[in-house]
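Following are the structures in question.
After this come two complexes, each holding chain A, first together with chain B and then together with chain C.
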Partner chain A sequence: MSATGTAAIELDRDTLLGMYERMLQIRTFEDMAGKNFAAGLIPGFVHLYAGEEAVAVGICSQLTDTDVITSTHRGHGHCIAKGVDIPGMVAELMGKSTGICKGKGGSMHIADVEKGMLGANGIVGGGIPLACGAALTAKTLGTGGVAVCFFGDGASNQGTFHEGLNLAAIWNLPVVFVCENNGYAEATPVHYHCSASDIANRASAYEIPGVVVDGLDVFAVYEAAREAIDRARRGDGPTLLEAKTYRYYGHFQGDQVTYRTAEELERFKQRDPIQALRGALIDRGLATAEELDAIDARVTRQLDEAWNAARAAPFPEPDEVLTDVYVSY
Partner chain B sequence: MVVETATRQMTYQQAINEALRIAMREDPTVVLLGEDIAGGAEVDHLINEDAWGGPMGVTKGLVQEFGRNRVLDTPITESGFIGAAVAAAATGLRPVAELMFVDFFGCCMDQIFNQGAKFRYMFGGKAACPVTIRTQIGAGVSAAAQHSGCHYSVFTHMPGIKCVVPSTPADAKGLLLSAIRDDDVVMFFENKVLYGMKGEVPEGDEGIPLGKADIKHAGDDVTIVAISRMVTQALKAAETLASEGIEAEIIDPRTLSPLDEETILASVAKTHRLVIVDEDNPRCSAATDIAAMVADKGFDTLDAPIKLVTAPHTPVPFSPPLEQAYVPSPERIVEAVREIA
Partner chain C sequence: MTAEPLVGIIANPASGKDIRRLVAHGSTFDNNEKINIVRRVLLGLDAAGVERVTYLPDGYGIVERAAAAAKPRLALKPLAMPVIGHASDSTEAAARLADLGAGVIVTLGGDGTNRAVAKSCGDVPLVAVSTGTNNVFPRMIEGTLAGLAAGLVASGIAQQPEGGDHIVRRAPRLVVRIDDAPVDIALIDVVTSTHAWLGARALWEPGHLREIVLSRITPAAIGIASLGSALFPEASESHAGAWIAIGSEADAPFSVTVPIAPGLMRAAPIAGKRLIEPGANVTLQSEPCTIALDGEREIEFRDPSAHLSVTFDPHGPRVVDVEQAIRAGALAGAFRTSPAHAS
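This part shows the complex of A and B:
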């Protein structure tokens, strides 16, 4: 268990405990989503983020509501890290009228524009041009905001990746492109699907900084992201940050995950990002095991309540199918 | 009270340019994005001056007034800049993007129909996407198969998108102003053959509401619904028909989504006959959609089968005689009317 980087030294206790709680909220949310999907409570598809928490939290803990993120089909972690209402997210997964999108979006389209969360996305690479647009707004209106664009290793082979990086580079847009390389695009390993040994190398084609970071280490992510976010805010343009990470679950729930070994999963679990942060907090005397256990219990209770509330909530009325297509028609 | 609005002659292209200028003056969040909409970006002697002002000169002169921060030349990167326009709209700007030819929609359709057009619905009504995408349509200049299609039917099919098809300079100005001020995704289809068309255009900044058809010629004997440039063809046909004693009523829907069903149905209820003229390909098209709507809601008022005069189910050919055969002509419209009149 390790936690590295100068950020580990600089961050204060409240910030670190906040990050710990956020990461735990994501893990608990996803574990419960997995169970409740298996129990038949969630229609459709779900793609779980467990294992990757250090990336979303290491980055989003440095953003405000003025900053905009774009996300992916594996978006629950980004939503929680950006402050989207958790009970509203749970209800959304279940398709209930109390969902954050009134049950019209579901797992793959959770969004909260007020929170600067421009949507999970069902299209691999679909969010990359969108992040450029959010950054163009920030630049044009002078809001001081940045856009953070999350996408996976698979998306780095889409045309939108290359178009987006080029556009952000020539317009000097305040964007941080965050490639969450979890080793697999669906069932295909990155060493097969990607010509580059590090996806960050692709930044050189656009003459922007490309940085590889250990995505299991929240401090390393925090530090690399801080530099990229500062650079964007200063008006110095985009960065491509590649976080090497791992997903504990399959591509989607129901995936038998035959493309990777149990040993590989176990090896990554030995480096669990939440356990690593917990260890660092205790080692540095910033929190006791009992204090952290109390946070664990609070998060579990919070998520239990959210699931119970969502189960009890009504489904939307059928005539809701017709609303929210247009602002006016 | 009759309000007299001063008008003057200008071309369809100038009318579009004027609407853009008015919209940009009234709202500082209106920005233009597109390939060479100014041209000459970062060329030393063209700091606030355009090289082209758009490939057809439609946006000529705007960069001089509004500068390069509001008239953004993009790389040839349709997914990139159309997607950027879509998200810029969702986050506080009111962009007008130019997709040079509608035939290029294949390069950026995900950003239009999967992202922008679905934001509001997917997000439970908590987002708006006030983007306008201007694009050229139409055969007639031997631009061949990849630069001559209409394809507005594709977009009309998709919920979350409004489709505007102006047929005159005055409509182009008024409808574009409404499109830009509208809070939804609007596709604005400019027929390239009409760019040089002259007509009376009102001064001022009044928009023409989306979803209101216009009766371009009144008549009692047959209703002709004509889209975009086909209005011109239908007006020519009406002259011939009038000499034969047939008075055609020509309805220009002006927007295909929303569609002014009421005006079309009221006209058919009066004439009992309907011909639809559409330059788009005929299958699953605006023409078949309007025909189905009238068959469904106005069947009792019809005295004859609905006739469709459309392009054939082919790509647009290059060679001038082939292209001429492709585009619905006034003669074909007259023939279709004679069949049912």
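This part shows the complex of A and C:
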């Protein structure tokens, strides 16, 4: 066995406060996106990530700019965790020319290749082959990079999932498959749509490690992800991590959410990942409530400013409609 | 024979999937295999004459799916309890089964599952079938035999002799105390760890361990409990437990190399060790740490002024010896049938 887990997790105060701020940025971004979608400021659809922040931040806080991620229709949290510019994201959601994709990607096709964020994806399971390709690139070029592939419980029933895990296994690719199991594929409960009790079990069919982790606990995610990322980076191959998580909003904004109970939502909110981290920081004397409140206020101000700037920004000119739509090689 | 003996089943759907599949070589124990085991348990119970089984419901329907294929004659009933997908489900189920007068509880899980059950099962004997990772308490036992043994004990066919303990034995437990107040229990080991966070919960590196209290010295143990027989082979299978302090490679006089997780042999530097007798109270260092119970970090201990101790309590859960129960059943004629013309 190679040297895994040789050091206990020692996260210093600055790192922990950074993780707290990132999680809060995601939550605030999503809460404002929900309101502004309802106000008609965002074209198309938005699928909000609130509740799942510990997964994206627990994992992406350990990635470098050499590492890449692929995302899903619920991609805002992955973008923020990977360091994509937040004002640029807000403008992108509104379809403004100052957006990170000049307003032509929108919520479901937002991407920032410079940051290693290879794209949200409107196709369920669509990111899985992309991550395998990126991992093959990293392996072939010897960049030392790792690809992390986020997808949901519903995607684990798609052919791309099984093809991707198989390819990654036979080619020993540096990829970490992260299934964000939030309990529902759109409106269908996981125990109804999925033959496996735990999606991590499906790893055994491809003879790679499969691990279940508490996706509401950023430390549990961080620790498991560290092992999986290290394993990929040192050339030992792919891992399937299943993070059990929960989304606070519906599948999309406008979803009436008739398929789950208010009690269930409330039960999960009692274990809110951001509040849990906040409590842990205060309990350990790593931060005071006042310091954390100051971060909360800064994040709210940052997002308010981003929305104001995006509102004021222009839409792309009509004669740019075909520009940047297809990439020329 | 007890009238309509009741047997409980607690099959933990979450056991066998933690980080040790990644950092060590733990098996993935999928729920399909658990269904197969429960199927055989139900048929064993049926054969032993059990008429009622009550069980912990789970989202996947382990027991329901097992029954659908096995079609046992016995009546199956889920416990009417909220299930939240946490270890506390097993504790709650065990308490309810004890209240209902279950004669035996069959558990499927690892040391962690049985710890959760042992918190509340009282004197109801356990048949513990291993489906977890580091298993010292439950055994890798064939499901049919587990069902037969549970049924023979619950129905009273396998009779415990007066004052005897060969069919149902009392297992020890460890009671963790902070400022002398009991806060939790473990069945096999209590370990203080340098990990600052509960995180992914498992422990698999000797460098993260500080002090260990073991409730038993088992020669063929996997996990941290394997340190016991490596250090105290003469005390194997005695009633003794042990206290062990892990040191640094630079300072410790010697190390022992043990299977600290499945497939993971690690050298642990030993700074101190002693056997402990049942009833002993062991004081641990009060430095901030995380405390692992039966292999999983469960408690964050952060107040250095608090007194941290462990009581080695010999009065833990009662456990069925499967071989002895089946033997007693055979002696009682449970497996013998006579030709119809002989009656």
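Everything below uses one rule, namely that the second predicted complex is superposed on the first by the 315 of 329 C-alpha atoms of A that agree within 3 Å, B and C clash if a C-alpha of one lies under 4 Å from a C-alpha of the other, contacts with A are read in each partner's own complex, and residues count from 1 in each chain.
Methods note: contacts are C-beta pairs under 8 Å (C-beta built on N, C-alpha and C of every residue); 3 or more make two chains touch, one makes a residue touch a chain.
These numbers come from a predicted model, not from an experiment.
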| item | value |
| --- | --- |
| Fit or clash between chain C and chain B when superposed on chain A | fit |
| First (chain B), second (chain C), both or neither touched by A:Ile100 | first |
| Contacts of A:Asp324 with chain B and chain C, given as first, second, both or neither | first |
| First (chain B), second (chain C), both or neither touched by A:Ile80 | neither |
| Broader residue contact with chain A after superposition on the shared chain, chain B or chain C | B |
| Chain B versus chain C as contact partner of A:His109, first or second or both or neither | first |
| Spatial angle chain C-chain A-chain B, Cα centroids [nearest 10 degrees] | 120 |
| Partner chain(s) touched by A:Glu163 [first = chain B, second = chain C, both, neither] | first |
| Which superposed partner A:Thr239 touches (first chain B, second chain C, both, neither) | second |
| First (chain B), second (chain C), both or neither touched by A:Gly119 | first |
| Which superposed partner A:Thr137 touches (first chain B, second chain C, both, neither) | first |
| Which of chain B and chain C A:Val299 touches, first, second, both or neither | neither |
| After superposition on chain A, the shortest CA separation from chain B to chain C (Å) | 24 |
| Residues of chain A contacting chain B in one complex and chain C in the other | none |
| Complex interface listing, chain A residues touching chain B | 68, 70, 99-105, 109, 111-114, 118-119, 121-123, 126, 128-134, 136-138, 140-141, 143, 159-160, 163-164, 166-167, 170-171, 323-329 |
| Sites on chain B touched by chain A in the complex | 29, 31, 69-70, 72, 74-75, 77, 79-93, 110-111, 114-115, 118-128, 130, 159-160, 162, 182-184, 211, 258 |
| Residues on chain C engaged by chain A in the complex (per definition of touch) | 13-14, 17-19, 21-25, 28, 30-31, 59-62, 84-85, 193-201, 204-205, 207-208, 263-264, 302 |
| Chain C-touching residues of chain A, taken from the complex the two chains share | 1, 4-11, 191, 196-198, 200-201, 203-204, 209-213, 217, 219-220, 222-224, 227-228, 231, 239, 244, 267, 280, 283-284 |
